[in-house]
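Every chain is named by a letter (A, B and C) in the order it is written, and numbering of its residues begins at 1.
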């Protein structure tokens, strides 16, 4: 039995019975059948290799424990859901590291997108690029109604291109035309627009994000689990299979692209600017 | 010449010149180029093997008679369009029967989805699961504005999974994201929501469903028939081909799934509950 | 250097420094990074073989000149964006001509749909059939708010069938269901409806079409060009590849179809009617 299942769970960050890891706080509520997974990789929940690995381990733990049928994923960093991929993992390292990193990014998507658990995103902050991908991998997205909390795959703004499986996930969510324009322009959608185009399913006042996610969850947990999981697979497996079929080629593409001098230089410049802020 | 073509046609159920079969009342209006196909398999138009067979025969008759370019499909059972597949055909029978039944269900979809006739659904009652599939196979859906007349593929609620071609038909109608959520949650959409997500094309007051369907039909019949048919094929054949390519495997999947002890038990329990109502 | 780059550019049709060809007036603004391509094949910008060829040459010129990152395509013929394919090219000619013509139509779509330039349509008139296809091949569509300026693939109304790649382009823009109904019925959408279903991105007062297109362009030009181009390819190449894979078969299909007596007769009748107007 996991520690989290041995007793009641507090609501806050100082929950003593919670399991998880330094960067991923898991607040289990096994009686209700779900756990809250709080991302705590300050300042902006960048998806570093270590952080990705901890998220995957936490997800696997919950998936292999029959008490859990769902997770709510949310952020413990004020104002940011996740800033997305960690540019530091892509800058000034060797090809082996880039390959290892990209494999972990793929794994995160594959595991969350296909998880047999219900995954609800309680999006309590901005979620660009990889942060948006994580949200899009959920079954349902609740976004806090704060004009600063924009969401989108804004890769082109940095001069890079979203991988095809980011694109596929977005197309599956908002359709081909909205995705085409959003990806070319690197659009970040504020809440009202995000709701209108279908990037999120619900926008609620900021202090109700967690409770709204819990309410929605009740509806999902009421569905016979086995049938729901098979249906999710039916919908998502063809998209996941596209990556699985060319996973290595996708890694090599990434390594080749990121190793270019022009890209390395652009990333260094960008990281310098971020430091100065 | 069919009997129905020899004289005027009454509007109601006591139409003496109508052809059809015990469970499928066909009211032809050859001068106008269409027939109304009324489903009359009380109490809920369950798609039994016999009923499916009669529907297919009626459709074929109309398709092979050049006087007809369109059909309106509607229900003669108050408050129900069709309750969908007949659980009695799937419970306590042998594998040969299950296979025969499933082949007829496939055939119904293939023939209606690809019919060269214009098919308009005048949905005058609730249409869950297979009833929804029938409606989705039409070219246009008019739904009566009654909050009880929900429509959707609610298979997961019964612990079963919509087959991939049900899913494909829904995705073609409402897009990937709406379909994904609707199928996982087994959502039944009341009229206003059904219209909003595109599950139906028009919602009208209950007493205007038939007349609205006839009005819409006029627009469809004004289009050069050959070009319209080829265009319909262009849009739908790739989806139908997916089933045609693995039709036998799909039958075997169904037989294997439905023969499971757990499923048989669940169906028996469900049928018992229905009887008690 | 092209003539257009040697000096300032006037806004109107009497621009002395503009390059282009008799039927395609190119007004370059290299300092701003774009050119306006004005279609001037009166009375209705029919896509004749000669006109198609001139459009392709103008596009290639702009694409090979690094000063240009975008074009705005618009009409110089009052009230008409483009009437679409030129029926005269399809009527009373020999198979070799039909084949040559169809290849040019394919080429127009392939080049505009995949152009590395940003392509904005400033739709200042009606755009049926091939005129609509041209607009759909852009990255963004601004439509003048005039109830006469309907847009759509209305091929079935003439008894012909939109080719699969017209269909694919429409599905990519408005989704499968809207495309299915629009193509079967040959729907022409007036501005408000065109906006609602996503056939165009913006509807503006008629005298603001050109300025609105310019405003939008600024947003597109602000995106790093290389990343934007790769993203466009990512979105569109699979659709273009479907035609590229069976380009010859598509030409043969067209030639076979258009050579039929019934089709030739229908086209002659239609052309006669047009003349009488």
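Before moving on, here are some points about what is shown:
Everything that follows uses one rule, which is that a residue touches a chain if its C-beta (ideal position, glycine included) is under 8 Å from a C-beta of that chain, and two chains touch if they have at least 3 such contacts.
Note that the coordinates shown come from a computational prediction; the quantities given were computed from them, not determined experimentally.
Here subunit A and subunit C face each other with different sets of residues for the most part; under half of the interface numbers are shared between them.
Relative orientation of subunit B and subunit C, expressed as the C-alpha superposition rotation angle, is 120° to the nearest 5.
Centroids built from CA atoms put subunit C at 39 Å from subunit A.
Each of the following residues of subunit C touches two or more other chains: 175.
Of all residues in subunit A, only 155-162, 164, 167, 175-177, 179-181, 183-186 touch subunit C in the complex they form.
Those residues of subunit A that touch subunit B in the complex are listed here as 139-140, 171-175, 198, 201, 219-220, 223-224, 226-228, 230-232, 234-236.
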